[in-house]
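Note that the chains are named A, B, C, D and E in the order they appear, and that numbering of residues resets to 1 at the start of each chain.
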Amino acid sequence: MGKKVLALITVLTFFATALVGCGQQTPADKQEQEEVVKIGSALSMSGLLGPMGVKMTDAVKLAVEEINAAGGINGKQVELFIEDDATDPAQCLNAVKKLVEVNGVQLLITGMSSGAASAIGPYLSERGVLAISPSATSPALTGQPWRDYFFRTAPSDEYQGKVMAQLALDRGLKRIVVFTMDNVYGVSLGQVAEAALKEGGAEILAFIKYDPAKMDYRTELTQIKSLNPDGVIHVGYNDDGVVVYQQALDLGLDTIQWIGCDGVYGTGLFKTEASATFMANAVIGTRPGAPEGEDAYENFVAAFRAKYNEDPEVFCDTVYDAVKLIALAANHAGSEDPAKVRDALLEVGQNYQGASGTITFDEGGDRLGGIYEIWEVVKEDGEFKFKRVDMITLN
Amino acid sequence: MPLFEAKNICAGYGDVMIVNDVSLSVSNGDLVAIVGPNGSGKSTLLKSLLGLAHLFSGQVLYRERDITRIAPWQAVEVGLGYVPQVNNVFTNLTVNENLEMGAYHRHDKAGIRSDLEEMYQRFPELAARKKARAETLSGGERQLLAIARAMMARPRLLLLDEPLAFLSPKASEVVLNRLLQIQAEGTSLLLVEQNTIKALQNASYGYILNEGRCVMEGKGPQLLADGSLRERFLGLGKEV
Amino acid sequence: MAILVVNGISKSFGGLQVLNQASLEVAEGTITGLVGPNGSGKTTLLHTIFGLIKPDAGTVSFRNQLITGLKPHQIYEVGLAFSFQLPRLFFQLTVLDNLLLAARNHIGTSFASALFLRRRWRRQETELAQKAMQILELLGLVHLALHPAGELSGGQRKLLEIGRALMADPVMILLDEPAAGVNPVLGRRIYQKLYTLREQGLSFLIIEHKLDILLDFADYIYMMDAGRVVLSGTPKEVIENPVFYATYVGETQNAAFRS
Amino acid sequence: MFDIGQILVNSVVTSSLYLLAGTGLTLTYGLSRFPNFAYAEFITLGAFCGLFFLAKPDGVFFLALIVAFLVAGFVSASSYTLVFRPLVERKTSLIHLMVASIALGYVLRHSMGESWGWSAQAYQIMWPVYNIGNVRITGLWIILIATAVLTAVALHFFLTRTRAGKAIRAIASNPDLASVTGINRQKVVLLTWFFGAGLAGVAGVFRAADTRLFPMLGWDILLPIFAVTILGGIGSFYGLIIAALLLGLAENFGVVLLSGLGLSTEYRMAIAFLILIGVLIIRPKGLAR
Amino acid sequence: MDLMIYVLDTLVFMGIFALLSLSLNVEYGFTGLGNFGKVAFFMAGAYTYAITSSFGWPFYLCLILAGLVASVLGALVSLPALRLREDYLAIVTLSFGEILRIFVKAEQWLAGGVWGIAVPSAFANMDFTPRMQTWASVVLVWVILIAVFVFLYLLMNSPYGRVLRGIREDDVAVQVLGKSYVLYKVQALMVGSAIAGVAGGLFAQYIRFIDPYMFLPLVTFTVWVMLILGGPANPWGAVVGAVIVEFFNRGSRILKDHLALPFDPHNVQYALFGLLIIFLLLYRPHGLFREKPLKTGAEAEVAKWQSSS
């Protein structure tokens, strides 16, 4: 018994030293601190959103690499700290606190889900630490009292929902099923679209929410089939989307027009041929876009592919833009002080041509939904590709 | 040379010693009976020989080979069959499957098949219910099945724990007769029995246990005739 | 007069009739013994009386109050106590705690009073501890009072099991083989203690295989075979009855009642 | 309003998966008498093994099934030998065994996360689709249903006709008697752990082929599989078949009912749990006994 | 950068998890009930706090209500639980947690569903700096923790606690000794759930936002790890277990900044926890701290008796 307790105490002491060790900043550390700009990333690298977050973190690394290659921020190199929030908002807060209080990070990419954003928001505001969320899209985040230090490069669902509805109405779809994943992103977008569709005179046959973890959507899809709608408004991510489309193809739902969103944009959907085929047959969708001639997205995809030998997926572009914007704003402000960077962000974040399209922040740090791209999937030379069909400008 | 010997057995459960320094031996073709009142340690003694109860000390020999503390399933390979007092059939299995399980360690398919036939001839009660699940059998039929199952392993020595308990007189008569027949055919029997008189009448040798110790031993019928049997058996000692 | 009346209890388990119209009475202030061969249904009968097993038919009444169908803790409430054949102790608790857990009307065992009537139950606790120590003294376990019950030997466990029934301050005690697994001298001492309690008015129903001891102390004896009572009388009457020995050695026409 | 034929087929697909995945659980649970929560990881492990063969479109599906069977079986058998058997021999309580199985689940799941990463992956197989009247059915479903039915039939014969199969039933029925009858219990139990988890691995390949693949795959379907196992009566293979069908139907028709009532279809998970809790209260031994 | 805030933050979580661990200790450690749905009661408390505090009620009232609602749920769960075997109880409670989570997630009207719900801090009306805010939470959590600890210490070292321990060892024997184990088991689940509910309330007010993704079964397992590590049936064990596990969690997060690891520390940390538990169960099943005998005053009598005789 004595030996085991001793071993345990040794381990604990080890950790305690580690904890204390990084707390005591020696003068040398201080100097070092002045030489780098610390950026923290706390996204979900495990848990339900893990599959998405891992790739997004890769995009963050890519952006930081590019920034450093281009001379860093205010002449200083960027040091990146990466944490995992395990798809748990409480863990996200924990990770952010660690980044801020232990590592001294003041510029963050975090708040991957709207829940995580809500959990960290008040703390960020109180501590005066700046964060950009690449993927929290809930309209509920707009106008929160803690929004002074929180930006997002993903537009609120408020906009895209309307675009999706508009797209459906433009295509003359009258009888519509809304099919969304049961999380904030899915239900928000779905509800906005539903309201806009009703306003536009379409009939909503059903609003079906599915569990993104359940992975067996056959019966929901069978139901959609038997309702015989003109179109389906579908909100999902790559991860569940690939399964939904695969199973929808099995059930022959590719005769109905499906309207997707930015969540189902990305080569992750082409992981299986069935899903890709289904998309080519039946899916069109929307996503925040840039004016013609902008190749920021293509450049980003090329860079990502060159580094990771994989295609980026959903929200990789917004997270990439977020890092780039932080660098841009800090350079613009000539300081890494969060308050100054925040003010600069509002300035540089006007018609910024990012990988995810044109980014314009409003006063509250939300991305305005300016221009949206309508995409479709085509098969060219045996390869599936996303292709721009049209642009919609939302006022 | 005795077929089976147990020397100075002390056994029990957990750290409770129930059997205290008992020795016994079985010769080829014998029917040896262990009798005694409730709680005298008869069943525990039997179980400890097969590793089903905790053996504190002692030695178990089969044909002078030391088989103390072998795994229960290995005892079958050595040549010992065991018929427990309760839960002695696989209730979820059919009668036929129960018998097949008895021959589990054997690999001679032809031999097993002919033994099965033999068992059904010897126990016509079972032949009629080959396909029935054992849980549907009556107490007597279960006992016969348990004995037949043990015999399927072709044991040289069969250990039986109160085979006649819970049986009607008719059923117990049937079971006893079958056991004597088995003995006549050359398999030795070691029997723990409540039914003292029936057991000792037929036993070639008997041991009387009381309070975990052997209080008397001798040829079966002679023991029965012994005048002190009653007092010793009931544990009344001198007081009565 | 009879303090406990058992009337026509029957019970079968999966087709095996373990109790078959068993009836008996225990007179107040007596030690009544229950004997019989293995599997005759004695333990089942005792469990049925104490509500651990639900009978298929028949009634049990205690002091003219019907107690069939009551839960064991309710039967304890009316004044009975029970001691298992194989000790069911609380092995991680101390010997002392094992006894104290059996105490009747202990204030501190309810949630609210454990918290709010601290002083009262602590006083009671001290008194009960003294009583427990007296019992341990009788059982020769004083030196082990603060040891976990799991450290006791088999015989000591058995003693503690009996001790718990004594601790319960009952009107009547049901004991399943109190002298089994205990050395004869101590067995007798236990019975002497029971006898003193009997003098004080307690009643006992005891299953016992150590006939020499039982015959010395019992007022009345019932013999069971195949789930029913086959013989009853004073110890002398019973022991002299040829049925007694015949039943024990398994040589009896009563076997006809077996299934 | 809804397409009964298609929903029935969907239910059978769900049931087949539950049946395949539940078989091993019910057998090992029946023999070893404790619920192994690490079972989810055997399913996931099978799925990842399949990836070796099915990451490219020209993969051989049956080869994946076989390797998944062997690897999941091997890991299960080793975990039994290294973790559970020593615990059982130390007379560890049931609750501690459950905690140990959860702990083992941690180890396996995160080891898989470390090896294959947490991003979702997918098999590259395109299945043909057939129309039978109004009902559509894919090649994968046919193989899945066929595998489940064949496994059920094969297992029926294995359990009733072979020496080892009968020994498994004998141990489940009466472990002590099995020992004195000459059955080497440890060996048979080990075999069952191997065989049962092997089937779980096969189920994992099907699940991954039908959906996508990541370390939580098994955990996501573990509770329904427990529901099926307990519903059917632990250790009862025939009860399992009935329970798997029942739960498959309940879940799929439940979805129709739920959306009819205007409730979230997320409650379909709750359907399984509610049936489970109900059965445990009314009929704790399960449906079959 | 303010390391103190992080240290205080760690203390808050240690306190909250110590409460959960203590509550599981009441159920499993002392009474032997294997509750694998601990997170359900934690969640019930958190949501009760969130909803009631949205009415503008004072925080202490909300905390009490959080405990009450969780304890009522505990009573509800105990009804089937009492009839079930240990393994069934485990699966039923685990499922119950998931049902409750699905319910909160699906019923948006109740508490925001998937959107989650913002919760005011207990010190929302005070003009605190972040550091003071965290200090205040540390004080609140640890005062409650100490109160609960003392409460449980007194309760478990009383004849009542003796009955609970007896039930853990053998509930039939307890019944034969005149105590209805049903009543005690219900009470144990209610007390345990109430503590978990209060922990939930404290958690909600500290995080200031809760959503259903925070209450996965993983939380329950973490609490089990804490209790098994610390040692069941010993209140010190429960607390120390919680402190160690939380320390481990945070420590590994910081450690990885200083070590270039060839693997993902998150994966390795959980895998190591798993191994640690397996080794503990194999070689030290009673955890770091053993169960201590009851202290009720009766044991003092023994000494007197033993010395006199």
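To be clear about the criterion, contacts are C-beta pairs under 8 Å (C-beta built on N, C-alpha and C of every residue); 3 or more make two chains touch, one makes a residue touch a chain.
The shown structure was predicted, so the numbers you read here are calculated from the model rather than taken from an experiment.
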Any chain that touches chain C and chain B: none
Chain whose mean Cα position lies farthest from chain C: A
Separation of mean Cα positions, chain D and chain A [Å, integer]: 35
Chain centre separation in whole Å, for chain E relative to chain B (CA means): 54
Chain C and chain D, separation of their C-alpha mean positions in angstrom: 49
Distance between chain centroids, defined by C-alpha means - chain C, chain E (Å): 41
Of all residues in chain C, the ones touching two or more other chains: none
Residues of chain D touching at least two other chains: 113, 264, 266, 269
Residues of chain A engaged with two or more neighbouring chains: 45-46, 48, 182, 209
Every chain pair meeting the contact rule: A-D, A-E, B-C, B-D, C-E, D-E
Of all residues in chain D, those that touch chain B in their complex: 160, 163, 166-167, 169-170, 172-174, 176-185
List of chain A residues in touch with chain E within their complex: 1, 4-5, 8, 12, 15-16, 18-19, 21-23, 45-46, 48, 81, 83-84, 86-90, 93-95, 97-98, 100-104, 113-115, 118-119, 121-123, 126-127, 138, 140, 182-184, 187-188, 209
Chain D contact footprint on chain B (complex, rising order): 50, 52, 71-73, 75-77, 82, 84, 87-93, 97, 100-102, 104-105, 149-150, 153
Residues of chain C touching chain B in the complex: 15-16, 37-39, 153-155, 157, 177, 180-181, 209-212, 215-216, 239, 245, 248-251, 255-256, 258-259
Chain B - residues contacting chain C, complex: 12, 14-18, 37-39, 138-139, 162, 164-169, 172, 193-198, 230, 233-237, 239-240
